[in-house]
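Structures for review follow.
The following pair of complexes shares a single chain, subunit A, combined with subunit B in the former and subunit C in the latter.
Here is the complex of A and B:
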């Protein structure tokens, strides 16, 4: 029995927004959705380590941070942030502290896809009505409920049937100052046979405390392909809580790579539903953390139909007193025969104080399936270190090279060359420090 | 090539070493001069592989007694990379696979590190590429090996060639070749042996650690040592290897008894 206790933190968050939630004149779908979600927030509470899904991740410190949204003032982006712009991404949407910045954004000249901020979506409310809030569960998940209730601006990418978008859509969320909460929202709809690459990147220009609570919903219609790359490098003091859901229809393919590099505490919940025959997904992740960082990844791959294929590789590299968490559930529903699922979680501990909690789970209710999963936890291989040292490399260089190689397996799967190079450089720089 | 006036490179005196608290080397004595090729033979477990690992500085092995001098310098005080930089090279019996590290990147990093420490010129990626491709011809290696991860998925013979390639790049003064012939077919053995011979000169020395005489058909040693129970129990010229091949290792003891029976 769950007793509802009024949650002071949630009240404060909502109170700081109430003044902005204007009285509803015409009840659009979006307004109704937000109102419904707000009702849900009021009946939910922040999870604690007594909740099974949050056992390893203590977010009680979040209570000290009921930060308001940033004021509308647009802040200039300094030159040193130029490296976050990718050569290939002719289409980019830039948000600073949760506000869409048209001046820094570039819309594709190609009219084949619709890319708009969420505020621009209200005009085409049928799209919102059809998709927004339908995948991300705001009834049960307090963070999704908060995001849905308080979202202000977000991105909507709609790729019409049989259109292959050659260049990636780059969505850049810049946190320019501390003590701000942002609620990024992203909706992607790939119609039948469409294909697109979407990059969601979170960066910070400060090192203070901030909170990101993001929600992404992706719809892949029959034979669509979506390549979803997520790069989280928030401030070392930041909280980053993200939910991403994908609904993958018949013969569609959803590939995602998620990188957790920043934030003090980050939590990423990813749900993928293989909802049609021959649907597939490749779900890769890398957490590279140090100091007292915590990176928690929860994935749920739902084989809801026969003949679907899923592949998952999740790696964690933890230095100092960092703490990694991985919980990966694969569900094979009773009629999902001929499912082919494989999951591997590999963890590298670089210090005696680093810690990882891993929970791979297979739940199989069909009898003719091919499923495998595994998890490893280890340190750098002594023989490999000695081999490199015997060729003249110092122990530090040898350790960094092996650490880099461990993470490189995931990085190498990033299909956007300039982003891959940025990430390689970033990780090389990180491993040199450790 | 024995030359009485050559400089002494390696001086091992009464070397004792343990691994996991168990003594494996129990008093090894050996002197190696520039230009010489030595073979250390012995049965499995005699301590010959341990000896090469101790020389290269493997952290699992501890020297408990004796001295180990390389070019007059106490080796036991040096980290493995310092020994490599000073000119010691170990060709591994089982080269380690390192997924995710490109072979060309690794080779260039090793080459430039060692060159830098020796006060010599380092090469940029393009210069190095030309340089390494030239060295690869010596071992009849396919340039594709540069793009692959270090030793990953290499056959036994390919791994051993990659070892000798590293030796060719790092130009050691003392090369320790641990069972380099194992796992090689006859063609690969010939190529590898030919590579080693070309790298051998008056300013460097080699120690071939081997179980069989086969490699010594291609690389002719100046000295053959037999190791047993952590000691070198017999030293002779190249004919010793031939005798061992013909008569087996037991022959040494039979021979000792006959010799001992003489008045």
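Here is the complex of A and C:
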């Protein structure tokens, strides 16, 4: 439908990447996948606010910054990053500017799960062929296509059947330099009956402009459980564009919490397909933004089978001139009878310059369903403020406390205690300023 | 239970017949000459022709919208006749002189004009294929200074008012179909309520589309001056045809300080047969401007007909403390499609809006609610409450909700709720236990579902609406 217009930005990205690599001769699945994705990039263009899905998120400023792909990290990570490590996470994988750093990573001694980088995977196993790029659709989405074509390496977590991994797997992406683009990639496969907690965390050591374009694919086989926690604390100037897809099979349960705290412009696209009977998902999110930040969350929950259940709570807190965007679509396919879906989006505006655009959507093609969604936009409740003030709290303290409590509802759902504690402190510190 | 009820849902369209009146039809096609022809046929002043031509030129530059959740074959705008009027026999002095053929048509519709007018005390401005044929109760309204006439009459009698307000709420270049309407509108209603006057009766027009293959392009303009109030009813039925008919109307409302406009619609145009053949395309732009302080605009609609209903009656709440309301029931069956909702644009401080939308889909139909609530930075303490509920009857239909909420003021309170449900076996069982058959039970459940909206309708419309829903839907459960 669209005319193919040569896209400068994409051309520059690809040109700088082509300079960097030598031509590939092998024809492994991964190379083929990358080549296919590259072809797609060439036929796609960067979205603009004229595209419905990007109506409220103007990424034209990204055009001015066709940053090259980050080269191998040379910077050793100092101790001050130690506080991002979690007590419980015995298994941690650290990436600096997209490159795996074995020196900082700890893999479990326990052989029950396979954690490896993608490059290590391709030669030996057919896992990549079976899963990689099958869920994250790069035909339509230019960012997924870019990630697929240009990914450096990635992490792959495979949990064998009926194994319950007790400790969380902590994947830490550190951005150490500005003016580069990184393409993190994550693949999680939970075999039937397996359960695992995966934490993806994005932090920055600088305050400059950079771009993270990440893609996560999760496969949940029958009766598997995955708890997915995503924390985005990028530099205040950064662009963060992420896509996450989960395929949830029969009786499996996918729970996810995503937190958008950093970045100048962040966009998170989440797609969950309930592909088997009795599958379920719980999808929560919190965006806490201030200054001129923009946080955009798009979720798509696809009820493709009967008897599935979904719950969603997404909250946004906006201060200063921040701009929150939420678009949540729940699709109930024909025959997906006895679907039970609930979605709630709540937005708190702390300043008159702050702005929110929300679009909760239901598309229902089956009649025997229970579906509801709600959205609210408002300010702090005057009566609650008055009550706290009557108990001797100053107005500022009362406001901060209520704001903290508003965000706390989502944070309290984080099941990893040390991470929850970090986040609580972080949010307390953030709300104290306002 | 389904077999017994099936025939009910498949009731043929009761009002499908063509009245045999000689019509004065313009050749098919659209160009500047046709617009000049329409304008000259109606003896319009130069400025109105200029208005039409400007709209036409804008229309030429516009692209047909494609974002809507309805599908239809491409419309050939050159294959439509843009003007048709019953040939005037002579000037009519009283009701008795109205074409007996025409009167019989209304008889068949079950709305004998004089009887209805007398019964309900309603002034009926009858629009029959684009030209106003008879107007009643005019004197009574004139006593209090209310102007209620066809828009072409108003153009001649009150050109200043038309000039001042026409196109101010829906500008000619507003959207594709509004531009088309501005270029070719043939008739419609004009209503002016002067300062401080409460309209003593409900005003109503009766729209019918007659001559096959003639799209109707009405233009309605209602102005309520400071302190005035009016309740306006619009009811529609159309005869049965097999080729699709385009209907692109524009309705503009202007409410000044403390004014109150209530606009109610019952729409039951031909919806096509059970295979989705034929039916009216109802692409309408309706918008009200709550311009003054404390003004109020209220839309109530019951949409049961048309192959495609695509409209968003909207309120621009500019005045301080102004209020916007939207109450809607949209029923789709067979292959009908509806993409309807509202826009509430809050500009003034302390503005409030309420949206209650009920969608009922049966058969293979699709019904969508699409709405926008925008709170501008200037709208301090704005308040919105939206509720959209859908009911699905049968497993082949679809219900969709696309609300857009855009807030730029922290003192705003915006709430949106939506739910989807069906008529449960347990509910039917409960009724059966009490000795109430499935047919009646469904009717009661649906009327209960829509009650909040029906309460907003004027009495005689509420009765009509209840009846309409009954024969539209009963029997589709099972």
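Structure notes:
One rule holds for everything that comes next: the second predicted complex is superposed on the first by the 431 of 434 C-alpha atoms of A that agree within 3 Å, B and C clash if a C-alpha of one lies under 4 Å from a C-alpha of the other, contacts with A are read in each partner's own complex, and residues count from 1 in each chain.
Here, contacts are C-beta pairs under 8 Å (C-beta built on N, C-alpha and C of every residue); 3 or more make two chains touch, one makes a residue touch a chain.
These figures come from a predicted structure and were not determined experimentally.
Annotation for the three-chain superposition on subunit A: subunit B and subunit C fit side by side. Residue contacts after overlaying the shared chain place A:394 against subunit B, while subunit C stays out of touching range. Using CA centres, the angle subtended at subunit A by subunit B and subunit C is 70 degrees, rounded to a multiple of 10. When the two complexes are overlaid on their common chain A, residue A:162 makes contact with neither subunit B nor subunit C.
In the superposed model, more residues of subunit A are touched by C than by the other of subunit B and subunit C. Of the two partner chains placed around the shared chain by superposition, subunit B is the only one that A:404 touches, whereas subunit C remains out of contact. Once chain A of one complex is fitted onto chain A of the other, the partner contacts of A:347 are limited to subunit C, with no touch recorded for subunit B.
When the two complexes are overlaid on their common chain A, residue A:53 makes contact with neither subunit B nor subunit C. Taking all C-alpha atoms of subunit B against all those of subunit C in the superposed arrangement, the shortest distance found is 13 Å.
Of all the residues in subunit A, the ones that touch subunit B in their complex are 381-384, 386-395, 397-398, 401-402, 404-406, 408-409, 412. The touching residues of subunit C, when paired with subunit A in their complex, are 67, 375, 377, 390, 392-422.
Residues of subunit B touching subunit A in their complex: 56-60, 79-81, 83-85, 89-90, 92, 95-96, 98-101, 106, 109-110, 113-114, 117, 149, 166, 170.
Remark: subunit A residues 52, 334-335, 337, 347, 349-379 touch subunit C in the complex.
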